[in-house]
């Protein structure tokens, strides 16, 4: 299999398309997860945001990966609302800024963008790992990605590791007691439910992995 | 789902159109999704902006007008508005004396208002923010998102609004808003869960004969479930929770608030019990407001908010106000 | 039954105690079961008295005050008050210029007010009565009890109240009250039935997905059952019924009234549709009131009332009013 | 069996006691009947009224049958409300007035009082027979009473005939279309339900019959 060594705007645009579809498809489940320990809107929130992001990217196609992520982030901020809007929006904006205006991104650069995204969420939301938030999916994902690269893995392998770590992180939120966000109001009653934000984070990382599938646009072996 | 709506995703814009029909004295900007006083900006007057998820009507749009808010930003149902709305509202009401953001303490509201403040400061508008967190049902600790903002929002908006109307400077208005919040505590109870237009079914199950104590205003489950009890006992439970965190000392403002699905008659029944209990505890009621002010869609239930008051705050309370939901003195 | 009450037979007196707490500016006589303006009787001013079953709050107790009613007589829930209450209220507000009774057209209300009028005349008080019958859902014929009195009561009380406040004589106040009633029509719809404290379960079954058209305000079944429809269509159905009986001609006062269990947000959605439809039909909205004014306990639904207006009535509408539920101009 | 020839205050007090009990016992059924074609309060209304009437009569014991009925009527007017309060209250007041201040009442005098009561209801409420109201029980009852006396029956027999006619009249309201009161709003939908007011009228007349049972107080053979 060919190794992904650089990722260009088409790759990220493909990720966005996958994300738009996945979020729309999974929206009822995300809202359902947000019912017992939240306010039953997480799916609707993200669906509205990613639909708006797709439109923004279609209306003014960004020229670089960084520009694309900044556009998506800015659109999420100005269309989602709630807790997840500013968090995901700022995360993607910071990730985009980390990428600068390079037309192509190397795997380690993507790792830095992921780390920047996670830091943005932690900085803005103040959540520690284990607080039962999206951080519990995003942080292990970022760490797994960097670790896989360091261990000599390809970008694709690293993204697969990241997606897997995100999913495991999301599932590991079930027994946790929420300490941030709306679920924290419930105290002990928040235990036993999976965090909706961590679940959507795992979903977005799965899309990133899928965007790097062999032959996908923007990867080395894909159409240019 | 039984609702007087056209479609779940049209509720907020449709309701804003209706607000504009009923209140031509307000400028309703459907594009920017903000509701602004027609006379804004007023030169030299501190602007007051609030906002939050919709579904709590009349909060906040019903509190826009003379002596209260200068603008409100309604989000989707139970979803914080976005920074763009807050920034537009802030620009629309800035008369050069700065703008105070009144933010209910929910992660979404706090974060979006924080981003909005950055936008506003970039645009050269001086902004202060006061976070309202009066709900004693939630422990205020490092390990939660802190107490929620509920009924005290009305007190903060009314009292800070009256002060701003009198020409006070930004820091003083912000300080009073903070003092009102610190002097206020709330506790709520639900007899039924509410149904969001998007979900179409109740947000949680509350069996017959049971009630939910320490409820939030977004259909979140509460702190504890109990068997139905008479109004006298329920008022006792709510006031115990409030007074445990707000030791009485002098007169109070009282809000007996309906959550949307409870008849006014029942709120008056609760009000009578509140009066009885506060009398017994030696807490004089200075002013008492009874009605649906901070609602949760069609939820049946009520919340009690107490605010320790003094002559200064009472004068601000009695000052004229002219908004859709609160009006006196003009 | 989930209600914020102490016991079914204590609801009305308990709620009156609460009203007294929230509104010290009103004299609430628990013994005589009447609510009276503190400044009554005012020499030379025509007194306005209304009343009816409880459970429609704020009607009527919430409309006592400057520029509206001088006294209200609340009956048991959904049960007309008794003549003694009306006679006490009449005596309490008679300033020598006579007293107008505003009576909703229900057999119980009409008969009890009729007996009360006899008592009052025996006591030497001049009394006129105006019967409000605006509900087009009921045919007005010899073979029914006639149209019911619903939302127009608010218009009659406000407009006649403003006229009485200006010092007009009894016959003129009564004539205006009659003119307002004749110029008004209403139609109501329920999404759910209501639950009286005494019965403890809904007064009728309304399956999911169905609504009841032409509903009364006492939990009586309506005229017809239909499948749920969007707010736009529902507003059309209601306005069709109203306008069929009140051919448009000039501007109207509009009341978009909630029946107790419907969020304000939904009433605004309906209001937007009413505006759209009336625009299309060329009927200008002069003033529009949106909220819970004539309720049926916890019933979800709404009613629309239109009143054909002119400069005289509009001036009366805009005149100052200071009551618990309607207040402007002071 | 002894014939009832005169009825004194004790007889009417006994009737009131029976009526208070019967109304209280049947109150749920009366309210139930008032649900499909009314506002579900008829039982509660009458229960409140008769309880108040019993208290009034205990507090200030009336000296004559006429005074007793006037007291009960006045108390119903000032404690019931609704449609039935003024109607029953005025009916009993008028019946009491018809009896004057005689200490004892003859059977024909009771017939006149019954007729006065029916006329009061018709005058005040304006209902015709067949309009599906209490008139449909009261009028046949009054007619049956007078008819039985004319046919040479005893007061007891006449009261039994009256009670029977009232019950038949109440049951005959089922197929009627309501033309007065709250049920008239329903138009055709009022058909098929028994009128609550006619039902309570039948109940009150059954109590009058029972008050005349052999050995009942106030009848010729009963305790004085």
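Things worth noting here:
Order of writing sets the chain letters: A, B, C and D. Residues in each chain are counted from 1.
The rule is short, and it goes like this: a residue touches a chain if its C-beta (ideal position, glycine included) is under 8 Å from a C-beta of that chain, and two chains touch if they have at least 3 such contacts.
Predicted, not measured: the structure shown is a model, and the values here were computed from it.
With each centre defined as the average position of its C-alpha atoms, the distance from subunit A to subunit B rounds to 33 Å. Separating the centre of subunit A from that of subunit D, both taken as means of CA atoms, is a distance of 79 Å. The mean-CA centres of subunit B and subunit C are about 29 angstrom from one another, to the nearest whole unit. In subunit A, no residue touches at least two other chains. Counting partner chains per residue, subunit C has no residue touching two or more of them.
Taken as a contact graph, with one node per protein chain and an edge wherever two chains touch, the assembly forms an open path, each chain linked only to its neighbours along a line. A list of each chain pair in contact follows: A-B, B-C, C-D. Remark: subunit B residues 2-7, 11, 14-19, 21-22, 54-55, 57-58, 62, 191-192, 208-209, 211, 228, 230-232, 234, 256, 260-275, 285, 288-290, 292, 295, 297-298, 300-302, 322, 327-330 touch subunit C in the complex. The touching residues of subunit C, counted against subunit D in their complex, run 53, 75-84, 106-108, 111-112, 114-115, 137-139, 143-145, 148, 196, 198-199, 203-204, 216, 218-221, 223.
In the complex of the two chains, the subunit A residues touching subunit B come out as 31, 35-36, 38-41, 44-45, 48, 77-87, 90, 124-125, 179-182, 184-187, 189.
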